[in-house]
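Listed below are the structures to be examined.
Shared chain: chain A. Partners: chain B in the first complex, chain C in the second.
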Partner chain A sequence: MAIDKAEIEKIAILSRLKISDQEASELSDRLGDILAMVDTMQAVDTSGIEPMANPLDASQRLRADTVTETDQRERFQQIAPATEDGLYLVPKVIE
Partner chain B sequence: MHNNTIAELAEGLTNKTFSSEELTRHYLDRIKTLDGQFNSFITITGELALAQARRADARLANGDAAPLTGIPIAHKDIFCTDGVKTSCGSKMLDNFIPPYNAKVIEQFNQAGAVILGKTNMDEFAMGSSNESSFYGAVKNPWDTRCVPGGSSGGSAAAVAALLAPAATGTDTGGSIRQPAALCGLTGLKPTYGRVSRYGMIAFASSLDQGGPMTRSAEDAALMLNVMAAFDPRDSTCIDQAVPDYSATLNDKLDGLRIGLPREYFGDGLDPEIEQAIQAAIKEFEAMGATVKEVSLPHTELSVPCYYIVAPSEASANLSRFDGVRYGYRCENPKDLQDLYTRTRAEGFGDEVKRRILVGSYALSAGYYDAYYRKAMQLRRMIKNDFMACFDEVDVIMGPTTPNPAFGLGEKTNDPVTMYLEDIYTIAVNLAGLPGMSIPAGMTGGKPVGLQLIGNYFSEARLLNIGHRYQQATDWHQQIAAAAGGEK
Partner chain C sequence: MQWETVIGLEVHVQLATKSKIFSGASTTFGAAPNTQACAIDLAMPGTLPVVNEQALRYAIMFGLAINAEINQRSVFDRKNYFYPDLPKGYQTTQLDHPIVGPGVVEIPLSDGSHKSVRIHHAHLEEDAGKSLHDDFHGMSGIDLNRAGTPLIEIVSEPDMRNAEEAIAFAKKLHAIVTSLGISDGEMAQGSMRFDVNVSVRPKGQNEYGTRTETKNLNSFRFMEKAIALEVARQIDLIEDGGSVKQETRLYNGDTGEARSMRSKEEANDYRYFPCPDLLPVEIDDAVIQELRDNLPELPDAKAARFIARYGLSDYDAELLSSDRATAEYYETVVKACDDSKLAANWVSGELSARLNADETSIAHSPVTAPQLAGLIVRIKDNTISGKIAKQVFEAMWNREGDADTIIESKGLKQMSDSGELEAIVDQVLADNPDVVEQYRAADDKKRKKLLGGFMGPIMKATKGQANPGMVNQILVKKLNT
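Up next, the complex of A and B:
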């Protein structure tokens, strides 16, 4: 199944990945190959089959809504690219 | 010392033939001298290792040692290590020093094991050849022109080159079993939920599972005894008693019912690998096992199913890498979108980007039912195939891989061909079953892996079957020439 350049650009935006024009053309071939392989599963009749998200059909274990972690903000922010006054810095969002 | 298994090294430590510090220095020296030709380590933790070794020696002297106390171990660079760089094979995390330990690392620390370093891997565990690593390809010790397999390729090469007695790995579609097969090791992927994923950098959360890579099933049992533990911090970790995996290694195999899936012996299987597997099956028959043909009819569809499920989960998991809280950040972002899109474009390699894009596509509006939902339905059919087999047999056996180790660069330009190398391992992750690869022959000087697949939580039985086979054969004792035979 082919996937055109416009579609590649759309999913690149969804993926938050900057891609060049040249990369978009290459990706269109590569992803086309992968999707062609994946599309072989469309031939199987899966009607009436319950989708399986967890191999043991286990559901999410819940815990009591109580604080169990200690405040380690300074430690965690030591590895951040940019912080100030305990906040993470990003480029200006609002003018 | 480096020719010994963990079990033998532990005896040496107990008998004071050598200390953990001596043992650790020996392995650190070997890594320094020999790893240039394999590239199996990303980080060597020399000082930490020696400090841990000295603490282990104190424990040994006090008589409160556990089975792995003082044993040096290499860890895949996917397990977070407090204060030690954890890169996941990516430029994105080249500067990442975790502020905490993964549960698996905590378990090894508690056992008194020594961390030699962090091993090379495919970027974010996405690959079957270890060629997608930001830190360069790993070479197979059996033939340095060939790949070691992936994604736990550094762990496999390090153990096969005798640079570590054992290593940890992770397996999402075969990433423990395939490199174990290609490097002549014993590699076990436990049941989904048996080993905590806390602090194990996520690729596809419903498939990922950590496990041991060793030189014998006996060693794998010792490792799994440490790794398997309930952990409330991983919401999918199973709260079920952990047996002593060493206790049942010698159980008899009389009456063991082996199933051979006809789909695992068809087109595309290397004839010499098939011969080696058939010879191994004969060995089991001689030990009292019975053999019958079984069928896993959706085997071929496990590859497409996996290449929807895994990239979909990856595209969600990897959205956390945004250049804000930790990891790589692009220079001079002009606005927030530019920060996100350029950080991710510059920080991720090609294979990771491809999978994020495929995942985003499969999950995007209008395609969800045709791809993700369809794959999850197929996933249940694949699981049902296995369940039907386990009504008739105790263990499924077949080749781990269709081919022996392939050449570096041979498949990098053709992702789909690379994906098909995982045809026999992928379904096991989709079903969440335990699977193990053990050495079972050689072809053209390269190891052949026999895969054992068991029902849920049958790790003890798989290790028992592997151990009995290794008592009767010596394939697991073969050593690559590049590792050097001297003691």
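Up next, the complex of A and C:
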């Protein structure tokens, strides 16, 4: 299954990734290869088999509802590009 | 043309856990920005989520309360979208295997009848952070304290046909989750948020019209207004020869206006897939049975008990059982003042009017239940009249102390000294000889009315503090001799 440039551009917009025309056509080829492999796998007859949610045959471990984390804001914000009044600053987002 | 409105709701309820759904960070409301956002909430590389058991239990309790099937195996999925208050780039939620399957919620209608609203399912998910759009040098501020707070999203079938039914449904859900104690139900703090799906169709038509979704309404009043606005907009649009476009809309409570947020087809492609960081959740029969056995009293059962035990009207019982805090407040007042009717009148009357006016909730009422009981006791033992009691309540609301302190300091004690009252009655009768003549010539029915006419000047002379029962007795005695 091929994946065209328009599809690549749509995915890039959804992920807020800026890609050049050249990158778009490269990605189109590389993702096309991956999807070709998926096509091969699709050929296997899976009728009557329930899809797995996870390859591990196990169930989720749970944790008790207790507060175990302490405030480490200073440390986290040291690596943030911009902060103010304890907030992370990002390019303006208004819908 | 006659139009029919079709409404379905998606309701987000914050669960009252101490810690987040996938991390041990606190969920306390109102903390300084980002002080409750840990490495997991921030999506730091190398972190892994672990499911909070209490969040699961709360979701199951909701399912049991609406007689839904509990899915003993449920799966978390990733819903991918880009937004700065969602650091991971995806929301962990449940799509194909939600924890709560189909159920039913009964809602009361204003004509006294009931209607069943079907629940499609309810699933567990995490909340996002908050974007602050004040101007930070042309940037937006992000507070991630709320990121990872556990939510259940309750999705109804499109079973509601007008705003009244939608509000009744929303209020019933509020009553259920607060009665269960699985959410604090504080609407002003965003503990319950409603997305309203609205469409219209010609009456009698079977197919649904194209729907729009108005997102993130956080009060019953806004919900009612937003629905009315959207129904009118869609009908106008169609009657003018246009058609409704499927879109997400935002309602602004301050301006009372709504606008289109984004059209569904262009942006929404969430590319869901099972979350590889989380294994399927398995729930034992024993856990479900234990939760079922210990389910707290639900609103309908509570209302029935209030009617049977306290002799309340359907209306009062419904109102007072509508959330856990109100019900507990009411029962505390009844216990302390031993008068279920007066307690009901005060809680559903004066108190709820003041709470509404100040846009606060009963949990934050400046007048506590024991204080209100103290006031009612003074009405019952004739220390003050009902009218003066309102004045005392006002002072209590302004935190001037309990009822006895206020009655004492303001000198509001009811005048019950018969000698003093007789003198005042005599004076008023002497001032109105013509009315006295009329009274003596009148029949019983008319007499009653004329008697009331004397009360005004007597109350005026005593600054409203005369014991009305005693004044009545003295008046009748004097006028009949």
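Just so we're on the same page, the second predicted complex is superposed on the first by the 89 of 95 C-alpha atoms of A that agree within 3 Å, B and C clash if a C-alpha of one lies under 4 Å from a C-alpha of the other, contacts with A are read in each partner's own complex, and residues count from 1 in each chain.
Rule of thumb we're sticking to: contacts are C-beta pairs under 8 Å (C-beta built on N, C-alpha and C of every residue); 3 or more make two chains touch, one makes a residue touch a chain.
The shown structure was predicted, so the numbers you read here are calculated from the model rather than taken from an experiment.
Peer 1: Looking at the overlay, what does A:Gln42 touch: chain B (first), chain C (second), both, or neither?
Peer 2: first
Peer 1: Counting only touches as set out at the top, which of chain B and chain C does A:Asp71 meet: first, second, both, neither?
Peer 2: The second partner, chain C, only.
Peer 1: Between chain B and chain C, whom does A:Leu31 touch in the aligned arrangement: first, second, both, or neither?
Peer 2: First partner only, chain B.
Peer 1: Check the residue A:Val93 against both partner chains and state whether it touches chain B (first), chain C (second), both, or neither.
Peer 2: A:Val93 sits against chain B and chain C alike.
Peer 1: Just checking: does A:Asp85 make contact with chain B only, chain C only, both, or neither of them? Give me first, second, both or neither.
Peer 2: second
Peer 1: For A:Ser15, select first, second, both or neither according to whether it touches chain B, chain C, the two together, or no partner.
Peer 2: both
Peer 1: Would you mind checking which one, chain B or chain C, touches more residues on chain A?
Peer 2: Partner touching more chain A residues in the overlay: B.
Peer 1: Output check: A:Gln60 vs chain B and chain C. Expected answer is one of first, second, both, neither. What do you get?
Peer 2: In the superposition, A:Gln60 contacts both chain B and chain C.
Peer 1: Share the list of chain A residues that count as touching for chain B in one structure and for chain C in the other.
Peer 2: Residues 10, 14-16, 53-54, 56, 58, 60-61, 63, 72, 76, 82, 88, 90-93, which sit in both footprints.
Peer 1: Of all residues in chain B, which touch chain A in the complex?
Peer 2: Those residues of chain B that touch chain A are 95-97, 99, 192-193, 206, 232, 235-236, 238, 298, 300-301, 303-305, 307-308, 315, 319, 322-327, 329, 333-342, 344-345, 348, 353-354, 356-358, 360-361, 364, 370-371, 373-381, 383, 415-416, 419, 430-433, 456.
Peer 1: Which bits of chain C are touching chain A when the two form their complex?
Peer 2: So the residues of chain C touching chain A come out as 17-19, 23-26, 32-39, 42, 44, 50-56, 73, 75, 80-84, 89, 97, 131-133, 136-144, 250, 261-262, 267, 269, 271, 274, 276, 278-282.
Peer 1: Spell out the part of chain A that touches chain C in their complex, as residue ranges.
Peer 2: 10, 14-16, 53-54, 56, 58-69, 71-73, 76-77, 82, 84-95
Peer 1: For the complex, give me every residue of chain A touching chain B.
Peer 2: My answer: residues 3, 7-8, 10-12, 14-19, 27, 30-31, 33-35, 37-42, 44, 46, 49-56, 58, 60-61, 63, 72, 75-76, 78-82, 88, 90-93.
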